[in-house]
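Before anything else, here is the set of structures, which you'll find just below.
Paired with chain B in one complex and with chain C in the other, chain A is shared by the two complexes that follow.
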Partner chain A sequence: MTKVHLPIHEHSNGRPQVGLAIEPQETGGFEPRIIAFVCKWCTYAGADLAGTSRMTYAPNVRTIMLPCTGRIDISLVVRAFLQGSDGVIVSGCHPGDCHYTSGNYRARRRWMLLRDLLDTLGVDLRRLDLAWVSAAEGAKWVKTIQQFTDDMRQLGPYSALHAVAGDYSPDLAPLAGSDDDAPGVEVDAAEAGVPLDPALAAAMRQALEQGTAKAILGWKRRIVPGPLQPTWITEASAVGQLMVAVHGGNLTRLFKQPQVRKLGRVGLIVRYREALALNVLLQEKQLDPQQTLAFGVDGQGHFLGVVDWADAGFIRRWETSTSAAEKPSGFSEQTWQSLDKLMALSPAQRWDFWQQHFVRCIKCYACRGSCPMCNCGQCFTDKNMPQWFPTAADGPGNFSWHLVRAFHLAGRCVGCGACEEACPAGIPLSLLNASLARSAWKHFGHRAGATSAGVPLQADFRANDLENFIL
Partner chain B sequence: MSRIGVFICHCGENIGKTVDCAQVAQAARMMPGVVYATDYRYTCSEPGQAQIRQAVVEHKLTGVIVGACSPRMHETTFRRAVAAAGLNPYLCEIANLREQCAWVHTNRHDASAKAVDTVRAAVARVQRNAPLMPIEIPLTKRALVIGGGIAGIQAALDIAEGGVQVTLVERSNSLGGHMAQLSETFPTLDCSQCILTPRMVEAASHPNIRLETYCQVERVDGYVGNFTVTLRRKARYVDWSKCTGCGTCWQKCPQKKIPGEFDEGLGQRTAIGVPFPQAVPSKPVIDRDNCLKFKTGKCGICEKLCPTGAIQFQQKDEEFTERVGAIVVATGFQVLDKSHLPLYGDGDHPDIITGLQFERLASASGPTDGEIRRPSDGKVPRTVAFIQCAGSRDAAGGRAYCSKICCMYTAKHALLYRHKVHDGKAIVLCMDVRTPGKGYDEFYRRAVEVDAVRYVRSRAARIYPQDGQLVVQAADTLNAGKRMDIRADMVVLATAAIPQENVRSVAQMLGIGYDADGWLSEAHPKLRPMETNTAGIYLAGACQGPKDIPETVAQASGAAAKVLGLLTRPQLQREPIVARVHRTSPPVYSTCVGCFTCAAACPYQAIEKEEIHDRQGVLLKTIARVNPGLCQGCGTCVSVCRSKSIDLDGFTEEQIFSALEALTV
Partner chain C sequence: MTSATINPAVTEKLPRPQRLWGILSRQAIDQWPAALLAEGRMVVAPVVVAAQKTSSQYQKSEYRLLTAAAPLATGFGQRLPRMSPKDAWFPRSEPILQITREGRDITVADPELKFPSVVVFGARSCDATAPEILEPLFGWSSHDVFFEQRRRQVVFVVLACHGPMDEACFCTSVGVDPAGENAGDVLLTPLPDGNFLAEAHSAAGERILAPVLRAGIALAADVPPDMRHYRQKVRGCIPRRFDPERVRRALEENFDSPLWQQWAKSCLSCGTCAFTCPTCHCFDIQDEMHGNQGLRQKNWDACTFPLFTLHASGHNPRPDQSSRWRQRLSHKFRYYPAKFDRLLCTGCGRCIRNCPAGMDLLGNLMELDGLAPPMLGDRIEPEVVHLPAPGIAATPPAQSPNIYRPYLMKIAALCDETPDVRTLRLEFLDLLEARAFHFRVGQFGLYSPLGEGESTFCIASSSTKAGYIECTFRLAGRTTRALRRLDVGDVMGFRGPYGNSFPVEAWKGRNLLFIAGGIALPPLRSVIQYCLDRREDYGNITIIYGAKTAADHVYKEELAQWEARPDVNLQLCIDWKPNADGKGFSQEAAAPGWVPIHPAAAADTVLDPAQRRYTALVPQLVEALKPSPEHSISVVCGPPVMIQYTLRNLYQLGFKKHDIFTTLENRMKCGVGKCGRCNIGDTYVCKEGPVFTAEQVENLEPEM
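After this line comes the complex of A and B, so read on.
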């Protein structure tokens, strides 16, 4: 019996590993590390069948079995890459075959969104393989692995991504091309605001006097020069202090504050962006429509009346042009143009673009704080049992934060741009949000905030959702 | 501190030939947390299992890894062994070294390296495993059977005989289903009513059966062992507690010319009455759409003549609920309407009839008292053409499947016709004849050889009337498709068996699957033919696919056995692979924000609202809660939860992350 040498093995990424090394044997060249996440009922059984039928395939894949593709969280895929995989396979039952009837349909939606996000980030999509493999398709499993392994051998190690985890340089890299053509959104300090429309002021006073609202959220001037400040008033006499901001984030984020939640029935100034956000919050049961009195205002600050929650079409009052219905939610024209510019670059260029931005992130989480939809009691990034993603403001930490933050807003971000306004490092976060909003709209006809009814994008599916990207 | 034991199995030569098992065990010994590792020729054998049990005790193991065949083979075996030694079975994990390693790789070095990685991942994972206890669910010891055809009757009787209470729900006004319409039954030619009616009466009078006819299932909530079913008893307009079934009302009802559904439109019925004379229960209902009292406000003859004053025109539908532990679906099938076959006499020629209509003509209690007379003019047809596969095995027409029963019943029809019309000519046009089954081919041979039924292998393309007869234009498929015209006085179409029209809504209500054709889906086509993918719901009879009576009854008895197997246990035990919403101490209680994205994504509606109140009863928070009885453990909720507040026992994030880390770092 030949003894296999069992040293503490040094891997290319420099981390020690106990066990046998995979040394190049067949090709004499690079052997990729591949992780496969598979479901228990179809792919795992199909892979077993390949074994029972004594088929052979490349030894590079390490499989992790889960009950259903529904359980395959994107965090698994992202972690696999960050931890040094050169390629990732995700596989489960064919549509219609799911042991749990529809877990795979929801997974399919998630993969579509994830692919579009990864593409925007400049991740090489060839490194992620999605395949339906039934319990009878041992041969398909073999073919999938063989083909993918060969492709990864060709592509070589995924150094670009692994570098994020490895040689992370904390030096601020210069931003690529500060000329006008560079994608990125100009953010205006948003000092501007308009005084209350007299009709609006009257309505607010009445609400406070009659007690139909216990408090009203709006903006006021700061004592020192600077952007308008979100605030709330409880007395009718204070209505005169309120103003309507022109930019100024999204007022609905105040609902995250426990003090505001304790106020009872609250009124608030609702511009288009707030209206969209309110719809999302209602859909996700974060607000009680009975406890919310919305004073609609248009772009110029004119009072539109009190929003009636029973009227699902009220959102259209802000959408005067038909084009609003053809584009997802409230992103600015400039954001769409910048996104187009970004997507015109090659994936490698996009990758560089984002790396240069992410390196500036100081993990202040201002983006999260400013977003009305980032309303988790405890953000995934703050959880440590287990640690979801690295928390440090370094390569892996920043990459995973920005990826997952954007993903969690898929189908929910209303494009108000508050995060981008808040970011002190000037990272064009809206581009990531817009890319997912476009994906949700294009593939699933979903517009965040279009209605407060219905099922959240990622919980929903259609049997005929797009799947031409799956083997 | 983890104390993991690793057992590498050679599986004889199966693993050992390609994987260096001794070296894998050696490598395992160096893995963090491992205190014992060994390799053995057959770990699944009794000495192999004894080795595990002994090591668990001797080395005080807190986790066991068996590197062996696929967990789909022996996970249960090894978990039992571990449990026998006093360790929680869920602290045992399998590393698949055979099906997904030794058998698929040829290079010993590569395969061994992969084996070590696989074991390392399992070792990392098992350290995060929590001891799990099987979930115990209380059981309601009552069953519901939906559909009162022969399948439902058989299932209900078997369950009732087993000592369990059953509610049998039939939407029409009598038990019996299609079998009640049949004249004689193949292959023995015993009269259908004679064998069926006693079963109907037995079902209606069994002390353990509660019969609900003219009743529909409206809603099903709950889960295996604990369903709550909402039923709607349709208004009958007759108080059955008073009615004695004397029949005065239907004899006197002036609305006599309504085409009778039971006779497939060949006979007539009244607006009040029972569907057929042997109906069980034999109590009438008023057909509101045809009743003069309802239509014009005048009449009410039945009300005046009823000796017990049972007529109640004001009766309303009644809803009620029933708690049951298991459900048998026996909703049957229907036959394709001939209007779907426009090439055959424009789909509405009176002398082109369906097989089911032929059953009524041949039935001694049918509209012609069993004489074969054609519907248009009541003449006895001298030549009858029987056309098989009318709508079946026709992919272009949308039904690629074989209806299975038609070859046999067509042989029966032709034979019955020849018995009744001695000088008549019976011609069967068929694609081929399929008669597998005990005594079936003999029956078909008898039709051909004894009763001189002529079989022609051909495809009928078109049927049109000519000179008081029908011309069947067919292609002779044994003779290069040569055109052949057959003249007949009557044509009988063996129209396809198709799913019940409401099958999809029934399936959705129950949360069970159906295939592309609309037949209800069994959990496994071979090994679990009467179960559905929803625990506690079973299938019986033609709702699952075309079936004849013996098969229907066999499946119904099988489903009943499943129900008895379930409901005669003291309580239910489930694999504890279920999701769980994280809870922490006050004042946070849970990181769940109550967005209920998980609830919307769960395929089993297993996620409910939970309200957290303080001691004064003030609502502090509404969060999600998983009902472990409903949860099937798919983990879909885990992936959609943004705040990572829900996790799946047995596949927790910690377990998967550690395995992944062990594979990549």
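After this line comes the complex of A and C, so read on.
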């Protein structure tokens, strides 16, 4: 048996790289590799028309047919780039023409959000193209391909992303990351929590005694000083054990636990961040309002009263009485400022910024665990039939995890910051979340957690949604 | 084991009088990393990161690689870094195999086993003790060359603590010395005048300390100052919060305590505690392909993840957070000490500080300490149960020190047993490897479609069949799906044989009763084939095999051959047909020719000796057949509920627990006792199993 070594390329960062699947052809100049994900009914038929009409176009494109643009998951695009493609085209029916009536409208929203996220991550947006091509538009397909291929030829290989995609190196590389702008709220033991407001304690006791709540979610002190520990009690006599955390976490994430679901109707201490999260969970039908009894508290732990979910304006209670640390949007003022600072950089600088942070990721999934919205039965990263993304904490594994995690929270993240507080590697996750929250607001007027009524952002669409980025 | 002897230093330590020592100024310390970098070493040191709002007297720091441009260990003497420097000896992701595919040809190669020399500069004793603790684990019976080579290249320059960092520090409770008397390779102790006493603890430490002392930046002194009093005082500053021996006893006594439910309430099943821990070492093995080239990687994994122990069948021996939290504490304070005589903890407190859910490991340990049964002199040890002979040590292919390196095998034949169960016959590509390869029936291996991961199955063929091995598997996930894509002539990987085996020599002259359900016939098939090939050595052979339907029976051809043999009594059964309304089962034969045995009257049913096919559950068929326990060995394998009722019926028939064997199939990644997931209590199924007697199984923790 001969010993074969993988071609290891030395890149500028000095870390070994594994050769990529799709190597540019060496035919004189650089020939880009392009993947096109197209809808079966329009673009594929259009491409077919181009073929039967004997039109010629660049052979750099590998076309992958899917039933509908609405069915094209962002994972496909991310994986195409990670496997070595230099550009990706997504194409389907014109708005109004969808074979399934609305698949392309949903896709349009999704791509709007994805483009903004990729932009925040510093991905070169010129390498992702979207086009509406009908079955009759063979000529448009040819023109689109030619133009895109020429553009990619000009841009050259996408080495920045491919360097990350092939970065499997262990040798202490993660310790080379930078901590500039790392967030991380250091919670001082002394100010981690406050005792229950007496009025709050009385209301809780009453609820447990009268049976209006079977259990109450709150926090308790640990034996070792430090952050409070989320817990629940079922006896009125135990109310005294509970405390209110001033910082940190989001209590509603306990609803992900089967034991909590089994408790029946539960009361919980609701700060502004929990109120926002409850609204999203109710909007997404993850919770039955009849199953929840919310004891509202303000930023200092003062009892605001039991919240009536029927009153759509209940959330305003916090918006007038919220503490300085929790501005109305959920995200802190500091996060918005950091985001502005980040977006003022060039895409290449943003790319470097994120890679410096992602390299420290240890894939502990504390961000997922602490998030009330990360409530999929099985997370995409735990699926292995097929396994879209590497599970290792290396270049491709970390990039794809952070991209897809953030995207799955588009229009859902309330900015509570629990993920960022939980992250032991100090990755500024809130910036990614805030960037998507801003897109949702800017393009679609959607603010996660503002109301429990209506339809979730990505389940909804408007015929006149923005599409200025689509050919 | 007493708490005083826990975590002994195991590396080559120099006797005290011969140790190199000197006094270094702070300036000399600050210049030292640059000198180490100039020697071509990598230097990992705590570096102060963005100053944080904290009431602590220390600045927050993180371990970072120093560079020639930034050689200052700015976090030297500051707070314990949030992450441990574990990457230096156990990287979060490490290539263990290189895979190249060209058409149907596959080659594998070891990654280059050359690792950088790393100095961990300014580490505290808790971090410096960690790799020593892991040495026995990575070296027991087979050597993980990746860990061992990296570990050899790590040199610790330890900074002695002068008190706890915060309330989460508990090193003194687990026998780690905060004053660092034996920790690492060089110990720096701050002196009242701002200088540091530097002492080399090992030859490696001497090598790096000597140039610094010679460089003239050391301060002169004639005799080393006597630090005994100071060190005693430092140790006293960090109170002992619990007694590990009492905790160990309490973990034994409180396995089923409701406290675990209580304690694990807030756990959010992330891996923060394990990944920031300097001693947590469990890992996953995954393949990543990029077109025709790829890697097999060893990635950090954590027992708190639900997927960690999830079986392909969907069964999970640790189904909830409370059992996972119990595993984490028990592994550290009970199983690891039982196996390797040291605690899997250095008391650094990171899991307590970093837990986003405020899980209270130290509080739980203190509570366990209080729960420990009183010490009444020497405890009467339960009767020691002897396990079958330990497995053959992992034998990597010739010339490779890499225990994770598979043999390359060619698929010689394949056979679809049922729509989703397939058997592959594998032959060695390399004839020398084939000749050197031996296994015993009952052993298992890891099978890999190279580039798509590894899966653990038993070797389903007998060691009496020369020249090939067979495996039988059901489609369950990424790896088995990729295995199904392979065709005759394709090349795949195999690692093994691992684990112990059936004591077939000891069974000579006995009657044998094999009982299997569904996909559990493959593990028994190897031993059945063996006994049939040595037929004259054994008495009566009875095989009872059941599955949901006749179509679900595996090895149909072989079953027909066994049925035709006059010296084998084969009895087949299929499950009762469910009623049309989905409630209960019909009392009719599930298929023509399959005679029903009424469950309520199974024991009274008189069977027609000529009849070999029944509609019955396996335990009912056993009850009706009434095999004789006289001079008999039985081997039972199947789903947990089948095993439970079959065992009950066998006991009623008079079978002895030590004459009943089974083979356990827990989720495994490494197969050689390193990856940390197949254990039931302190028994590693991959090393001490997979073959156990019913008696041994009863003595295992109820976590199956």
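Criterion: the second predicted complex is superposed on the first by the 410 of 471 C-alpha atoms of A that agree within 3 Å, B and C clash if a C-alpha of one lies under 4 Å from a C-alpha of the other, contacts with A are read in each partner's own complex, and residues count from 1 in each chain.
The working rule: a contact is a pair of C-beta atoms (placed from the backbone, for glycine too) under 8 Å apart; a residue touches a chain by one contact, two chains touch by 3 or more.
Being a predicted model, the structure only gives us computed values, none of them experimental.
Enquirer: For A:223 in the superposed arrangement: first (chain B), second (chain C), both or neither?
Expert: After superposition on chain A, A:223 lies in contact with chain C alone.
Enquirer: Tell me the contact category for A:386 with respect to chain B and chain C: first, second, both or neither.
Expert: After superposition on chain A, A:386 lies in contact with both partners, chain B and chain C.
Enquirer: So in the superposed three-chain picture, is A:425 touching just chain B, just chain C, both, or none of them (first/second/both/neither)?
Expert: The answer is second: A:425 touches chain C but not chain B.
Enquirer: Of the partners chain B and chain C, which touch A:106 in the superposed model: first, second, both, neither?
Expert: The answer is first: A:106 touches chain B but not chain C.
Enquirer: For A:84, is the partner it touches chain B (first), chain C (second), both, or none of the two (neither)?
Expert: both
Enquirer: Looking at A:456 after the superposition, I want to know if it touches chain B, chain C, both of them or none. Which is it: first, second, both, neither?
Expert: It touches chain B, and chain C stays clear.
Enquirer: Identify the partner contact of A:55: answer first if only chain B is touched, second if only chain C is, both if each is, neither if none is.
Expert: A:55: touches chain B, not chain C.
Enquirer: Common interface residues of chain A with chain B and chain C?
Expert: Common to the two interfaces on chain A: residues 1-4, 6, 18-22, 83-84, 385-386.
Enquirer: Write out the stretch or stretches of chain B touching chain A in their complex.
Expert: 20, 22-23, 26-27, 30-31, 70-72, 96, 98-101, 103-114, 116-118, 120-121, 513, 533, 577, 588, 590-601, 603-604, 622, 632-636, 638-640, 642-645, 648, 651, 653-654, 656-661, 663-665
Enquirer: Any idea which chain A residues touch chain C in the complex?
Expert: 1-7, 18-22, 83-84, 165-166, 168, 170-172, 174-177, 179-182, 184, 186, 188-190, 219, 222-232, 249, 253-254, 257-259, 362-366, 368-370, 382, 384-387, 390-394, 396-397, 418, 421-422, 424-426
Enquirer: Along chain A, where are the residues that touch chain B in the complex?
Expert: That would be residues 1-4, 6, 15, 17-23, 25-26, 33, 35, 44-45, 47-52, 54-57, 59, 62-68, 70-76, 79-80, 83-85, 98-103, 106-107, 110, 142, 284-286, 375-380, 383, 385-386, 388, 408, 455-456, 458-460 of chain A.
Enquirer: In the complex of these two chains, what residues of chain C are touching chain A?
Expert: 42, 44, 49-50, 52-55, 60, 62-65, 82-83, 85, 87-88, 91-95, 98, 100, 107-110, 112, 115-116, 118, 167-168, 261, 265-266, 268-272, 274-276, 284, 286, 288-295, 297, 299-300, 302, 305, 307, 320-321, 352-360, 362-363, 366-367, 408, 429-430, 477-478, 481
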